[in-house]
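Starting off with a structure, shown below.
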Amino acid sequence: MAATMIATDRIPWYDADSGVLDRRIFSDPEIYRQELQRIFARAWNFVCHESQLPQSGSFFMNYIGEDQVIAVRDRTGAINVLLNSCSHRGNSVCRAEQGRTNSFLCSYHGWNYDLDGRLVAIPGQEAFYRNDVDKAKWGLGKAAQVASYRGFVFATLDPTAPPLEDYLGWVGRLGIDMIASNGDLEVVDGVQKNRLKCNWKLAVDNLYDWYHVKISHGSALRIGYAPEEAMAPLSQMVILGEYGHGIGGPGVTQAELDEYATRSKSGVGEPKWYDMMAARRLDPRVQQMLGPVGARSFGHPNIFPNLWITQFNQICLRVPRGPYETELWWFTLMPKDLPEDQRRFAIYMANHTFGPAGLLEQDDGENWSHSTRGAKGAVTQRLPLNYAMGRGHDRVQADPSGQSRIETVVNEHGQRWTYRSWQEWMQADSWQELMAHHSPAPSGVV
Amino acid sequence: MSAFESLDLQQRMLLTFEAEEFLYREAGLLDERRLDEWLALCTDDIHYWMPIRRTMNVKDLDSEFTKPGAMAYFDDDKRTLGLRIQRLAVGRAWAEDPPSRTRHTVSNVRILRADANEILVALNFHLYRTRLDSEEDSWIGRREDLLRRENGALKLARRHIYLDQTVILSQNMSNLF
Amino acid sequence: MSAFESLDLQQRMLLTFEAEEFLYREAGLLDERRLDEWLALCTDDIHYWMPIRRTMNVKDLDSEFTKPGAMAYFDDDKRTLGLRIQRLAVGRAWAEDPPSRTRHTVSNVRILRADANEILVALNFHLYRTRLDSEEDSWIGRREDLLRRENGALKLARRHIYLDQTVILSQNMSNLF
Amino acid sequence: MSAFESLDLQQRMLLTFEAEEFLYREAGLLDERRLDEWLALCTDDIHYWMPIRRTMNVKDLDSEFTKPGAMAYFDDDKRTLGLRIQRLAVGRAWAEDPPSRTRHTVSNVRILRADANEILVALNFHLYRTRLDSEEDSWIGRREDLLRRENGALKLARRHIYLDQTVILSQNMSNLF
Amino acid sequence: MAATMIATDRIPWYDADSGVLDRRIFSDPEIYRQELQRIFARAWNFVCHESQLPQSGSFFMNYIGEDQVIAVRDRTGAINVLLNSCSHRGNSVCRAEQGRTNSFLCSYHGWNYDLDGRLVAIPGQEAFYRNDVDKAKWGLGKAAQVASYRGFVFATLDPTAPPLEDYLGWVGRLGIDMIASNGDLEVVDGVQKNRLKCNWKLAVDNLYDWYHVKISHGSALRIGYAPEEAMAPLSQMVILGEYGHGIGGPGVTQAELDEYATRSKSGVGEPKWYDMMAARRLDPRVQQMLGPVGARSFGHPNIFPNLWITQFNQICLRVPRGPYETELWWFTLMPKDLPEDQRRFAIYMANHTFGPAGLLEQDDGENWSHSTRGAKGAVTQRLPLNYAMGRGHDRVQADPSGQSRIETVVNEHGQRWTYRSWQEWMQADSWQELMAHHSPAPSGVV
Amino acid sequence: MAATMIATDRIPWYDADSGVLDRRIFSDPEIYRQELQRIFARAWNFVCHESQLPQSGSFFMNYIGEDQVIAVRDRTGAINVLLNSCSHRGNSVCRAEQGRTNSFLCSYHGWNYDLDGRLVAIPGQEAFYRNDVDKAKWGLGKAAQVASYRGFVFATLDPTAPPLEDYLGWVGRLGIDMIASNGDLEVVDGVQKNRLKCNWKLAVDNLYDWYHVKISHGSALRIGYAPEEAMAPLSQMVILGEYGHGIGGPGVTQAELDEYATRSKSGVGEPKWYDMMAARRLDPRVQQMLGPVGARSFGHPNIFPNLWITQFNQICLRVPRGPYETELWWFTLMPKDLPEDQRRFAIYMANHTFGPAGLLEQDDGENWSHSTRGAKGAVTQRLPLNYAMGRGHDRVQADPSGQSRIETVVNEHGQRWTYRSWQEWMQADSWQELMAHHSPAPSGVV
């Protein structure tokens, strides 16, 4: 089909010079098929938080692309990420979303896999197999690399992928540092999951989207659920990192941070839109951890490809379920020592802001599913999409700390960076090629 | 509360009918989008709660549902329910304009406990929603509703919603159950 | 009609049961394809009507349904209902040979108004149809039925069907609601 | 059995309520997986039967269902029902671990015949099942249940299940109806 | 897949010499994909009747192929046909089937489009876009041409399409004239819509099908809902026009028309099968309007590709919804000044004849969906379909008026013409090629 | 798509040297499409048992691949297998699962087909078709060959297929003989049908699978529904035949058969696991019929591609319904003269063992559907499946009777033979090529 041609040629989907995007990347099934191979099967993917696996045998089920994986802690305390498919006939060895187990016993013929995926028992190994089966060769498929950064567990299926910390780079690490700086985190029981009829990338690009708030979430603002100045402030900061990571959203000046510090001590002075955020940067150790620029950013990090870290206590994974469907998985993380009242308030906010019944998020799905629909029409499909907001009007500022960033107003730098990087991932035939040819973080005018 | 079973058949029947009459009227208000009237049927201390259900192995079933105080899909007091309803009135509630067409069907209504002031009811619900030209959702499960008499009339004092789905197969839950 | 509310609980219960008994029997006749008996339960002046519903923005909701006299999916008098039934008896009604397998489920039965002669009932319906090896349709919505006493027995004097779908997601509506 | 119609409205209502109360409690036990208690509600001579339905032309409808003694999906005595329940208790019942989440909804409950000892009830059922993250099944049809009084309490003496599907569109029927 | 090969080669699907058709045109997804590009994206498509857009801001939603379009009247009174997809992210700008609006405000970020599709407001155009966005370039996609013939509004997405009147030719125009001749028409409130599991072409070819009535609608005839002589008369007339338009069905002689005229005056004489139809041709202005031949035809016009005009007061659009699904949209049009009793009767007939609950149409869907199924089987698919009824036995008669036609019995000329033309549309790579190579209306023996 | 490439190249899916299988054969839609053409459209397929068509006009609907066929007995008593699609527009001419009819009248235009598929009446043949239609050419599509072996009716759509008995070979015939040896069989009213979310081949390979019983059906064994020794005995016999037929499962020695014979006469001695089976081989005529080896086999025959014959009174057809769905159709066959109590017991066992509510079979679907899922993951798909149990450790024993077999323990010989043969079917472009290049039944070490 044309689909195939489209996907295999080298036409640029995204034109960096104009900020224009081809709609078909949201609707072409062949492009989606390639994404599973070229992006999800290669990238470091978030699988769970360490606190979800308290003991040996604790497991949490997740996906890498559409491959179902089990994150499980083994007897050595190490976390393994296993492909949930038996080596004998391919049956699932685990069907629960989470729980605890001693091993993974296949329900078809009883091959039994240890918590680290090793095949440890085969019924009739001697009698039927005459010991002619090399158990070492037939364990469960495993992630090629598993690593954890500040308690956030990632895995890649590609042995040639760079180490996690290199993959994240300073921007990805900073993104995680921002939520990690809340304290010693643990996941609150209950991952919200729901399914949207949209392409996964539309859900991802929305996390940088501080432009939609006033309209998409107009009703929430109008009833005063959230103050507009805080929900869509004008002063914005964008930080872009290699391989597509980024952080975009509200930013303040050092002066504003200091103003809040003084005011919060003295108790004298007008409240400001950034108070709730600034409060979380008072602690010098936090400022230390985030650096001079990071400390001033209250944006949304995205760990490429699909992990959104919110400003407060949640992260949201955008799980692809076919070209036109995406699941949103909301994890809520709180400092273990958070005072009960603060904890109760934080959970209230988490339960009522995002998720399928969230006062804000209710209205997002409708827009994303219709944007996906708008990428399908035989003729509509030919019309370009405009991702040009602010293009060519901003400048990347360097910093002695090395924390380069763009300080500006509401913009689409994050979205453009996402698709520019996405295109490089899609065109590279291997990690080697991607490492060699991907764009460095932008500098100068953007 | 005294055991409902202690009542005789005729009494149980009457009480059950009274509960059904209330529940049907209340469901009708939701379907007819008369949400302010619906809210007026709730007591000031209502707890409206839908925990998160997980697919669990038999041995782990005790944690199939999240507990109160943990994450949930709904965990509302009257004020929060009011916000949901107000949201639809102020415009820009895009998920509901054009409005969803809902049908709240209530069946297998069973009284678990009752006394002079309160009736605790268990029931099966089927919330059907259709939107635009062909979107359809069905949410099916069990509910436990606490009805309380306030100056003569029944009011909804508690609604605990146990959905049968684990992953919510809908783009949102912009409607009340 | 006098307000149903003026009756006491026991009276309302009795009347509601009487209506349900009629509605369940009548639904059973449709599912068992005993259509002549069903027709006999209709008054001679029956109005059987399903208007067309449209997806409308909130501000245009007043025209969500077509009005009487405009286009509709059903707008039948007894003679026309008779034609539909006769059609199935004379052969060559291909849409119904092999016959559909239907299930008419009625719930949330509420009496809106009643007097000595008539009962006006609102209810939720779910008409489920399956055909051949795997075709399935579900029609869900609200109905308003007017029941009238004719020499002692209840009869169906009016059926207004408010389907929740806008585009009918079925190849036909060859069955009665 | 004497004709149910011979009873007056109030008596019919009471009897119907009694049957519904039993059926709702019994359905609840199935959904709550309290299967031993459910089995205790069955008489020792219970016949639990679901014949096979076929898509037939109108002229061949007399053989739409298989007859007793021929092939069926369920044709159980109490011992066999016990086996089904025991199976779930002993482990390795993979189709039910993780367990299905079921919802047994019963509606249009009509008493066909009744006497001092027995009540024969016809009803519509909707058995909804969801499994794992997104599997959904709906089994819809008609049931005839015979309820019998055994020292004061109602028990289930017969359950004949007439499913509307011909080809079963589910990977199994590992749940009771 | 083979699908692709099938679709891109030049094998004739329809063999004009034998009247034999390849079933795969009803089931091959790739052929369907091409139809959206080569037929619907090129043709003049019916979108609505002018009376549905009474005031400025009145809109009606429709489809061109599977592209959703909004027909809307602007402040100048002109009718615009807009692609329902925002230029920013592709979100729908309208979700209602019909209604009235002042503008199309996108629910995602609030880009606002005027009733003529022009982008008139962008939130943050100055602050965020720094005025660096050319609104003139980013309006909604619009139909390349919109035109109306006797109140029937059509649109094409192809700028190279010929003008509507040329496209319709005399046959298409005559088809519309037939219903327009009823008087000053307006749409009765309520468009019936339902979805069939059939390929759209099977629904289209059925409109010429006066052969199926006795069997498919046998039950309706047997209960006397409609008289057989009128429902399936032997004397038939077929008129074929360029690009696939056609009119097929009952025809009478001038003598019969005159006979009715006399009888209706005198009131003396036996009723005839054609009375109901002839009554509508008494008025000399109508005869004038339809011409000597047209006035004698009571057939069903099809405006290629998918608009069926019935003999009386309805038109039905066959909306494709994928290779195996089609929606039928029934519009009912009455003369504004129709007496109330006639109007009531006409609406009764409209409500009970066609539509999903129509006494006639109920039985059609079953046949069409099974014919579609019969085009899918791996082996069944290889069997040809017989469209040969009457082939080679009839002759096109010319007429001084230029109204050539075939006068004969029940036949399949209309269906053959449809597939012959369809094949030319599918093989042409552009309007230019189609105009150059399409068949002229047939003459001589057919 | 890659799918296409995968399917059309000659990569071996199954590697006979390692017993390793490529998962994609269970998930690739293009491979499935080819299976319909290369396997089902070519093979002899089971359609029904003669007893299901008692009289002229009796019919039973079935599928060959996904092509729906009607098995019907005509006035001469012959059984015809007709494609259920009218030659005019392709409409179904029959919609019932079974029943009785005088002819097949198409519901669209009334073309009428005789019980042997001949087109016997066309409405308007003279008036409309002017007798210019050769009815002899336009009958229903028919199976190229229909034949019956011991009452089991098979059909092939390929005229070049070898005769049924050659196709079955001695192994396929023996498989049918095993159930036919129960007596003069008739089908008990009621074919159980249900739909699984699995690829059809996973259902087929399971019939040889005596390895899964202890685990998959652990619950049934634990409650004592069936005795473990009989359900999964150690002594196994496998018989393999050309074109993929096979018989695999329990086998006994002649000594054991004799032991039972003596014991059953004398009534003295311990019951053994094989008693129920051995009882069915006491009759010398049965031993004669099955031969010295066949009489000792109590395995499961598969008539390639998809007919499973059980040890007792049932057969199960695995009907493909797309790459990821399969219907199981259970037929129950009893000797006409079976005593009532035995008949009642046999029906009880049939109703409660297999079928969607069967105490055993309930648990199978879950495993097969998840094995299918396990063949879909972009990365999981790359992992091989292990079909190597017992490979290289057993030997085919010849027998003077010609009945070669493998006598061993639980094994996967049957599954390997199935995929090896499947691959030959898929790679052959015609019956001629398949006959020339398919493997002979194995000999020596396997």
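Letters A, B, C, D, E and F mark the chains in the order given here, with residues in each chain numbered from 1 onward.
Keep in mind that, in the parts below, a contact is a pair of C-beta atoms (placed from the backbone, for glycine too) under 8 Å apart; a residue touches a chain by one contact, two chains touch by 3 or more.
Just so you know, these numbers come straight off a predicted model, no measurement behind them.
Chemist: Work out which chains are contact partners of both subunit A and subunit C.
Modeler: B, D, E, F
Chemist: So which chains are sitting against subunit A and subunit E at once?
Modeler: Of all the chains present, those in contact with both subunit A and subunit E are B, F.
Chemist: Equivalent interface to D-F, which of A-D, B-E or A-B, with over half of contact pairs matching by residue number?
Modeler: Having compared contact pairs by residue number, the answer is A-B.
Chemist: Let me check something: if the centre of a chain is the mean of its CA atoms, which chain is farthest from subunit D?
Modeler: Max centre-to-centre separation from subunit D belongs to E.
Chemist: Roughly how far is subunit B from subunit F, centre to centre by C-alpha average, rounded to an integer in Å?
Modeler: So the centre of subunit B lies 51 Å away from the centre of subunit F.
Chemist: How many angstrom lie between the CA centroids of subunit C and subunit E, rounded to a whole number?
Modeler: 34
Chemist: Averaging over Cα atoms per chain, report the distance between subunit B and subunit D in Å.
Modeler: Here the centre of subunit D sits 27 Å away from the centre of subunit B.
Chemist: What whole-Å value do you get for the distance between subunit C and subunit F if each is reduced to the mean of its CA atoms?
Modeler: Their C-alpha centroids are separated by 47 Å.
Chemist: Touching at least two other chains at once: which residues of subunit B meet that condition?
Modeler: Answer for subunit B, listing residues that touch two or more other chains: 13, 55-57, 92, 94, 97-98, 107, 126, 132-134, 166-167, 169.
Chemist: Spell out, as numbers or ranges, the residues of subunit A touching 2 or more other chains.
Modeler: In subunit A, 1, 95-97, 107, 193, 195, 215-216, 363, 366-367 touch at least two other chains.
Chemist: Touching pairs of chains, all of them, please.
Modeler: A-B, A-D, A-E, A-F, B-C, B-D, B-E, C-D, C-E, C-F, D-F, E-F
Chemist: Considering only the defined contacts, which subunit E positions touch subunit F in the complex?
Modeler: Residues of subunit E touching subunit F: 1-2, 23, 26, 202, 209, 211-212, 214-216, 234, 363, 366-367, 370-380, 383-386, 388-393, 409-411.
Chemist: Which of the residues in subunit E end up touching subunit C in this complex?
Modeler: Touching subunit C from subunit E are residues 95-101, 188-197, 215-220, 222-223, 225, 327, 330, 332, 344, 347-348, 350-352, 355-357, 359, 361-363, 365-367, 369.
Chemist: What residues of subunit C sit close enough to touch subunit E in their complex?
Modeler: 50-52, 54-57, 59-60, 63, 66-67, 69-76, 80, 83-84, 86-88, 90-95, 166-174
Chemist: Touching subunit E in the complex: which residues of subunit B?
Modeler: Against subunit E, the touching part of subunit B is residues 92, 94, 97-98, 132-134.
Chemist: Which part of subunit E faces subunit B closely enough to touch in the complex?
Modeler: These residues of subunit E touch subunit B: 95-97, 107, 193, 195.
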